Each structure stands twice: as C-alpha cells, then as structure tokens.
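The same chain A turns up in both complexes below, where it pairs with chain B and then with chain C.
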Partner chain A sequence: MSAEVLSTAQETEVLRAIALVDDPEYPGVSIVDLGLLEHVDVRNGVATIGLIPTFSGCPALAMIADDVAGAVRAVDGITTVVVTWLTSPAWSPARLSENGRTALATEFTVAVQIGSSTPTCPLCSGPTVEQSMFGPSRCRAVHRCESCRETVEVMRG
Partner chain B sequence: MSRSWNDMDEFEEFLDGGGIVEVDDDMPREYREAVFAFIEMHANSEYMGGLTERDWIPKTPGLRHKMSVLAKTQDEIGHGHLLYMVAADMGIKTRTEMLEDLMAGKSRFHNVFHYKAETWGDQVAIAFLVDAAALASQQAVFKNCSYGPYRRILKRIISEEGFHMRLGEDRMRRIAEGTIIQKEIFQGALDRWFWPALQLFGPDSKPDDKLLRWHIKSERNEVLRDKWVQKFVPMMHSYGFTVPAPDLAFDDETGKWDVGPIDWEPLKKTLAQGGPDSARRIGEARDNWERTAWVRNALNGVLQ
Partner chain C sequence: MNETAEVLRDFLLAFADDEHLMGQQHTEWIGVTPFLEEDLAFSSIGQDELGHAVLLYEIVCELDGVAPTDAAIDALAYSRGAEAYRSSAFTEYGTTDWAEALIRHWVYDMVEDYRWQLVSESTHPALASAAVRAQREEVYHRRHAAALMDSLIATPARPELERGLVVVLTLLPSLFAPVAGEDLLLAEGVISRSLATTAPDVITHIAEMFGEAELGQVPADGRTIRSPHFGPLMVRMREVLDLDTEAVW
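Right after this comes the complex of A and B.
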C-alpha cells in the first residue's frame, strides 16, 4: 500500500472524528454541519485541520479547537494534530449544511438567513421581522414571526 | 388557533396529560399570572447578571478569559431580551413596564445578584457555583414546562449556560491550581458564595406549589438543592478547598452530605431588595437605563 492511499483512508477517519464534534452552544449539531471545517490534511501521522469561525471574536474558538484536537488524536495512527483558525474565506450562513439547518430549526427554533432573504419561522414557516440586530451571540439576530408571534433567533453572516 | 377550557379542572387535566399551552390560548388568569411572574423574574435575573458580568470585562485577567466574559455578558443580555419578549407577549406588562419596575426596585431577581463580587475570585466562584445552580433549576423547568414559548427559549438558554459551565470550570481550574495567594482568594470567594448559591434553589417546595401543579417546574426545590450539594461539596474538597458550613456532615448510611440547618433570612432580605448590594446594583442599572434613554428615543424616532 502506498503512503498516499494510507493517508486518504486516514483522512476519512479523521473527517469522521471531526464530524462528531458538536458546537458547544448547540449540542447535537456538528461543527461540520455548521460549515466550520475548511480543510483536512493528513501526512505521516500529522493531521492539519483548518477551521473557520462564524466570527473572529467567538469565545468558543479555544474550546472547539480543543474538542477537535482531542477527537482527532484518538484516531489510529495520528501522532500530531495542528488545528488552525483561518482568516479566509469568511464564514457565511450559506456554509450550513441541510442537516445543520434542519437541526437548528427543529431542535433550537433557530432560523438561518442566506444573503438578504427573509428568514422563515421554524414553527409555522411564516416570514419573520428583525427586532434586534444582535441576540445572545454576534452571529445571531432576534426576530419575531409575523404569523405565530414566536420569538426566533436567526443565524446570519 | 386559540384553545379554551371550561374550568380549572379541565385545564389541569390538559396539563397533566402533557398538554402544552401556547401564547394565543385562552389560559386561566391564575396560570397566566404565575407563568408571567416566573418568566419576568428569570428575565430580570439574566439582565442583572449580564450587568454584573459586564463590570468585570476591563478587570478580567488575560485575553482568553476576557473573551469569555465578553461573550457571557452578551449571552445574558440576549437571554434577558428573548425572555422579556416572551413575557411581554403574555399581555400583562410591556417590556418597558417590566424594565421600569425593575429599576424602581419593584420586582424580583435572583438572590445572588444582590451581593457584591469583590475580586476576580468571586467571579470564578459565581461561574462555578452559581451558574451550576441556575442551570440545574432551569433544566428542571425546561424538562416538562407546560408553557411552549418559554420551553423553546429555555432549550437554547440551557445549551448556552452549559457552555458557560465549561468556561467556569476552565476559570476554576486555573485559579485552583494557581499560587497560594490565588488559592486564598478563591477560598475567600467560595466562603462568600456557597450559601447564596445554595439559597438560589429556595426553601423546600410547599405541598400545594402551583408551579409544580401546573407543570411549570418539574422538580421540588429541596431535591434540586440536594443534588447540587452532593455534587459541589465533594468537588470543593477534591480541589483542596473547605466548605463554609460548620455543621457539614457525611451520613454513612445514606452516603450523602448534609450541610446542616439553612438560615433563610438572607434570602428573604434579597427578595425584598434589602441584600448587601441591592441598592447599588439597582441604582446602577437605573442610571444606565436613564443615561441611554437618548438611544431609545433616537431609534424610536427613526422607526416611527
């Protein structure tokens, strides 16, 4: 088996491990589904992982990096893990996977705004109206559903 | 969409069957008032807690902790905002009325925010002891809460409070494994915060507690308090700290820690806004509210 094939199989394992790391504020929602993973490279037992923050001042960065490093270190044959927060490309809600969007909507009543589209209420699919640019986090705004009056947090860029 | 019930018996039967009440439902007046009062107190506590956290942003040691304090401040204020919206929807008080009552010293917020945080050690003790107590009581509400809009907000709040707990443990380990002076500072803070944190759960629940009967809360105060004691007493010991309870005893038969008699007078004082730091805290919140009136006026002018 060539070294190249070996690292590809290992990369799959590493990817699988990273996909099991949840966002600290959304238990059950993987950081991969949130679009935080940019690249993975495995060579000679060294895994280099590039992540993208939803915003650069996010207080969860150290915790997420620790969780990723811990998960990858547990993969067979990995001796060193280097996790880096990249400054580009910038994160945007378009990076969220379909799975991620569904989990945010059904588990946390959180909607996602892509570009300048009008977000829809996770409960009744009605249009929501912004109440405040910022919610409990920089990456979320507070909206209200016009139809069912639900208070909805909206993830946006 | 609005549902209604003929009488309280029918409504309670609906709740006992796991029914979830929504904002447009024609719920009994007493239920509406009880849920509203509960959410209003929670919102006030998040808001006052956020202001306390904010005071520490410039004084927090190190960039890593400073980022976590900044984020926690935004979290708490954001939680307050969401909760005030949900409370206002119940049609009893508007958001402005709730804030004005809070600034006038007319409404309640959690006992722990009536005390002064003297040192960084106090902030760590709060993150370690108080946040855990608050999280435990919120989880007990969320588990079975019959009021839908509150339950859904709580799910998000709890996930974020869980994140604060991890930040708190990180802070706690750093100070607990630090120098002798740091350990002394932290012991002093634990001595100040152990009892207020324990009292956050409140005295034993009354047998006819409406909050329990209407499935707003799902666990009795004394049960939650005991769980907290069983977790935190051994944890404080394992890090080499003492628990400031002179009658602390371990019962070999039950395998449980007993903190001895609890003096509820300090809790009563805080609920009447007579805690050691109540006046200053409410006064500062009020000054802040008044100083920022021009921002609200300007925004309201733009929106009209």
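Right after this comes the complex of A and C.
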C-alpha cells in the first residue's frame, strides 16, 4: 500500500472524527455542519486541521480546538494534531450544511439568515422581524415571528 | 528587525491597543446599560473589538518571531509597561456616563471603518486578511450606533448627547495620532493613507448629525504618552489577573 493511499484512508477517519465534534452552544450539531472546518491534511501521522471561527472574538474557540484535537488524536495512527484558526476565508451562514440548518431549526428554534434575506420562522415558516441586532451570542440576533409571535434566534453573518 | 518592521510593529500596537481598550470599556457596561438590548449590544461589540485586537497582536507576535499562543497575546495585552502601549487618550478614557459611552461608540466605529480601509489592500497579507474579517463584523457596529443615534437625536435626550459629544470631541484628535515613522508604511504600501487624513470626513459625519463639530490639533507625540486614565484602566483590566498571576486558565 502506498503512503498516499494510507494517508487518504486516514484522512477519511480524521474527517469522521471531526464530524462528531459538536459546537459547545449547540449540543448535537457538528462543527462541520456549521461550516467551521476548512481543511484537513494528514501526512506521516501528523494531522493538520484548519478551522474558521464564526466571529473573531468568539470565546469558544479554545474549547472547540481542544475538542477537535482530542477527537483526532484518538484516530489510529495519528501521532500529532495541529489545529489552527485561519484568518481567511471569513465564515458566513452560507457555509452551514442542510443538515446543520435543519438541526438548528428543529432542535433550537434557530433560523439562519443568508445575506440580507428575511429569515423565516422555524416553527411556522412565517416571516420574522428583527427585535435586537445582538443576541445571546455574537453570531445570533433576536427576531420575532410576525405570524406565530414566537421569539426566534437568527444565526447571521 | 528592520526599520519598516519596527514602524509596522508600532502601527499594529496602536491599532490593537485601541481595539483592546475600547473592547474593555464596552464590556464594562455589561449589566448596567439602560436596557437589555444595549447590554447585549455593548457586550457583543466589545467582544468583537477584543477579537480584532487578538488578530492584530498575532501579527505582532509574527514580527517578534514568537508563536502567537494565548500566553504570548496576553503578555502583549496586559503585561507591557505603560510606555510600551500605543493606545490613544480616546480609548483610555474611562466613563460611567451613558451619553459619553454612546457617542464614543458611534464615533469610534466610524473611525475604525476608515482604519481597516487603510489596510484592506495592504502589502502585508496577514493585515489585509484581518481587515476582511473585521470589516464584515463592523457593519453591525455601525448599524447599531446609527440606529440609536437616529432614534435619540430628535428627542429630549439630545442635550445629553451634545454634552457627551463635547467630551468625545476633546478626546478625538488623539485617535487620529500616527506612530513615529508612519511615512515608511505608506511608501511600502502597508497602509494606503494616514488615518489622520480621514479626520475631515469623520468631522463632516458628526456635523451632519449635530449641526457643527470641530477637531482640535492631532497630537504629534507618536503615541508615546499615556493619558491619566490609562493607569486606573490598567488596574481594572488586571484586577483578576493580579489576584494570581501564576494561575492557569
């Protein structure tokens, strides 16, 4: 087996391990589904992982990096893990996967705003109106559904 | 370190120190703003400014040939002597006056936008990519400040805002003050213009809101002199750290 093939198989294992790391704010939602993973590289047992933060001042960065390092270290044949927070590209809600969006909506009543579109209510699909530009964390605003009046958190860029 | 790198280091510290101190000042409003939305806004905006300070301190670490670990960044943020900081009197000024804090937030984020624009096409790649990230976040800061100003300016709160503006305008020249040798950065394309050249535009924006505004003389001390507010601010910032300087977080 060539080193290259081995590395690819290991990369798949590493990706699988990272996909099991949840965002600390959203237990059950993978950081991969939130679009935080930018690249994975495995060479000679050294895994280099590039992540991008939702916001530069996010206080959960160290925790997420630790969780990722721990998960990857457990993969067979990985001896060293280097996790880096990249300064580019910038994160945006467009990086969320369909899975991620569905989980945020059903588990956390969190809508996602892409660009300047009007986010819709995860409960009734009605249009929402911004109540506060800033919410419980830096990546979330507080909206209210015009139709069912539910308070909706909106993940936005 | 060659001469340009030394000036760049000073320039980065000036920007980072202002971001750091402004972030700190904003976060001191947590729990005491007049209403909950402002509590969330000031803490979120402060958190962003602290994040931007980290991006800039990381580039300083690079210049110093030091790995940009949390410890290295904390050392830059908290453990230099006062003479080694390059912050402005504008961000060092401590206030418990809400009108002053609001006007300062409005003016600071206006100037900060220009400041990132100076480096958005910098020949220093790390600086240019920090600008992309920060500018995306700053949109919310300006929207927030503008929304508050628009809703308060024609109300009985106006005299309060005017009173705050007097104080903030006194401090404003210091925010435009360049570090020594800034021309070198212009010559090498690290910055596209001097921040001080944006002052007339900033004053025009302020005058559009308040009818009139004037700017005093921009200090030419190369940001080497700290204001009397720096010492007490540093004591507040280091309050927890000083309880146990060896603690592992």
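Everything that follows uses one rule, which is that the second predicted complex is superposed on the first by the 157 of 157 C-alpha atoms of A that agree within 3 Å, B and C clash if a C-alpha of one lies under 4 Å from a C-alpha of the other, contacts with A are read in each partner's own complex, and residues count from 1 in each chain.
Operating definition for what follows: a residue touches a chain if its C-beta (ideal position, glycine included) is under 8 Å from a C-beta of that chain, and two chains touch if they have at least 3 such contacts.
Everything numeric in this text was worked out from a predicted model, so none of it was measured.
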| message | Based on the shared chain A superposition, would you classify chain B and chain C as clashing or fitting together? | response | clash
| message | Let me test your reading of the model: by the given contact rule, A:Tyr26 touches which partner, first (chain B), second (chain C), both or neither? | response | first
| message | After the superposition on A, what does A:Met63 contact: first (chain B), second (chain C), both or neither? | response | first
| task | Once the structures are superposed on A, label A:Thr151 by its partner contacts, choosing first (chain B), second (chain C), both or neither. | result | first
| task | Look at A:Arg138 in the shared chain and tell me whether it touches chain B only, chain C only, both, or neither; answer first, second, both or neither. | result | both
| Can A:Val110 be said to touch chain B (first), chain C (second), both, or neither? | first
| request: On the superposed three-chain arrangement, identify whether chain B or chain C touches more chain A residues. | output: B
| note | Among 109-117, 127-135 or 235-243, chain C clashes with chain B only at 235-243
| request: For chain A, give the residues common to its interface with chain B and its interface with chain C. | output: 57-59, 62, 131-132, 134-138, 142
| note | Contacts from chain B onto chain A in the complex sit at residues 23-24, 64, 67-68, 70-72, 74-79, 81-82, 85-86, 89, 149, 152-153, 155-156, 159-160, 162-163, 166-167
| Tell me, which parts of chain A touch chain B in their complex? | 24-27, 57-60, 62-63, 107-110, 131-132, 134-138, 140, 142, 144, 149-151, 153
| Interface residues, chain A side, partner chain C - complex | 55-59, 62, 87-88, 90, 92, 131-138, 142, 157
| Parts of chain C lying in touch with chain A, wherever the complex brings them together | 23, 36-37, 40-41, 43-45, 47-52, 54-55, 70, 126, 129-130, 132-134, 136-137, 140, 143-144, 147
